[in-house]
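In this document, chain identifiers A, B and C correspond to the written order of the chains, with residue numbering beginning at 1 in each.
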């Protein structure tokens, strides 16, 4: 095993980490902010991929899909928020269960519209080449995913740390009651956070579409590692989501290479270790897990 | 004056139980192949589901990974009986024991978190089992599954029971289901069950009273895990085919849905739920392939508008009728007017 | 004089750089009624949680009837004879009063693992539950569901639940908080009427309650003990007056 090979694996791991991050951060911050575990987050991701399929077929242009598909997902998210989530505010368990029901509904909805089959979305022509790195070639599109992920990290960091809204969100995650006593409009902050999270889930679906196959069931396939990211990182924080995503992405990439016996169990094992020693995650927020 | 009972009786429970099980036991001998299959499925699902209600409705541990233990039961039984060639009569208790042992270990991990977090972690743990089973080509056939026909049914011929006969097997499953139901019905009425209920209602208070709450959560998790392993062992005996899907999240999800739709924390509610679920499933299946869509939608509506489930509604209805009758005993005509309307 | 029932020495707790309990000493004789008072933010709640075990102390010792309980978890402390009430009602909302008390008794008796006997038909248990209910004035509400009780009645049940384990020391966290004057009066009478051998430590905001019930009062400010004395001494203490007028004049 030479260094070049490790370098390529590192890029692969980074690419997976960035995808996981885009999904986990929305789930995690929404969870940290209002205790809402949105299992249908994975459904948004799946719809992102299917909308990408639809739009890129209609227009023949991936770049249009990259912009339009996540916005369509946000639209669905808003409908879901206004019709269902608002109605059952305050009861976290019922909210989680409703999103769980949506997981079933979304799964069959996709089958009704697009059928059972496997689809693929071609990567954009602009990026259909390979870059020589570490003495080998690496698909430019995967570097693009890493780039999108890093851009998301930077934008979210500035959004959370440098804007008023970000301060409100952080205050809400840290200590909801105090934030509300201070007259902070937590509802609006929550709505915007929810929309941003949903947008990122949709975006994740779009950028994942050319790499993974687009198929019903891709929702749960991503949901499990994303939940593990949230458990490992600790819910509620940007840093937790980044750390969790890196741990899971790297473990899933290097696990099969370095410890083939453990292969796909490695991430579960890591989750178990975290539960054992840091049940609130590696980087918990002050209010932590409830 | 000291009241005769601490907790109130719930006679409606017994009535419904007798009606449903009565129908199953009376119906089985006259049922054809198709209906016997359905009744057997109901029996096995019922064992799985009352275990979930014990966890969700009584102890307050909302699990979304309980099918993992069905998988443990099914795969242990196949490994011990089909692959190692040990008699099923020995293998079955061992499979249940395996479920209990795995449940202790998993329970100690997952009960470190609570609430909504618990849902995430149990889901992930069950998918760990699923992803293992999915890849375990040898000796379990991975995602192709494994036919275990002829080697997996319990042999009770020594006491004159032939479980290879479909009707006999169906009755056998129904009897076990009834016994498991009664076991839980008993457990929840004992000090142990009462403690679990108190933990669900107010964990901190129970701890302040001097109870090591974590131990009791793990104990409940273990009982439910062992019972799910039993359900898994019966499932693989019924279908004579081993497949990872027995532990898939959809199976766990269906179990949770049945419990909540039926009325969690009532035991008999989930029994109603199981009957309705299987019958509804068969009915919708013949009309559409998009069964999950309708199930998900029904579930959402019930969770929002009737969170106490079917049995909760029935009890409220029965309670309010009784109260009305007491209030208006001399005024029979009012009841008549209501009946006409 | 006999050995103290509850003895706290050098208790310390910091959250980050903020020291909220700073070397607190306290000693209670058996059957003593004592109170801890102090303005908002004095560290009363933290001190209470350190005693009950919800929080772990950074330094110092807590002895209950001569036995060190500093390292014990809340449930172990409860079993050792240190019971607590909660500031906010912390009850079994869906049970009846009788069922709540009976459940609490069975937990206090360490009979949780009994799975071979009926709970609902246990006459001895319900008899004892009724005794506790009478002690806290709930004999008429046995069959009422807890969430349908009035606030003041719920507070009575709160005390009742803390009493079921026949504790040596009872910690009461603001037993009259949020109560109307009549309810406060009833609660004062209830506490005054508890068995004389029971040692009670009140953490309380309401001065009248403290002065009426306590034999000795400890005053906390910024996590430190600033005064200890009888109600009369405390009433006349210049230090105490300054603290209260200075920070809590309203």
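One rule holds in what follows: a contact is a pair of C-beta atoms (placed from the backbone, for glycine too) under 8 Å apart; a residue touches a chain by one contact, two chains touch by 3 or more.
No experiment lies behind these values; they were computed from the predicted model shown.
In this view the innermost chain, defined by its CA centroid being closest to the centroid of all protein CA atoms, is B. Among the remaining chains, C is positioned farthest from chain B, on the basis of C-alpha centroids. Per-chain CA centroids place chain B at a distance of 42 Å from chain C. Centres computed as Cα averages put chain A at a distance of 33 Å from chain B. Inter-chain centre distance (chain A to chain C, centres taken as mean C-alpha positions): 47 Å. Residues of chain B touching chain A in their complex: 62, 64, 109-110, 112-117, 119-121, 123-125, 127-128, 131-132, 135, 249-250, 253, 256-257, 260, 289-293, 295-297, 299-300, 303-304, 307. Contact residues on chain C toward chain B in their complex (touch as defined above): 52, 73-76, 78-79, 83-84, 86, 90-95, 98-99, 102-104, 106-108, 110-123, 125-127, 129-130, 142-143, 161-162, 164-165.
Interface residues of chain A, counted against chain B in their complex, comprise 31, 35, 37, 39, 84, 87-88, 92-94, 96-98, 100-105, 107-109, 111-112, 220, 224, 227-228, 230-231, 235, 264-265, 268, 271-272, 275-276, 279, 289-290. In the complex of the two chains, the chain B residues touching chain C come out as 2-7, 187, 189-195, 197-198, 201-202, 204-213, 216, 219.
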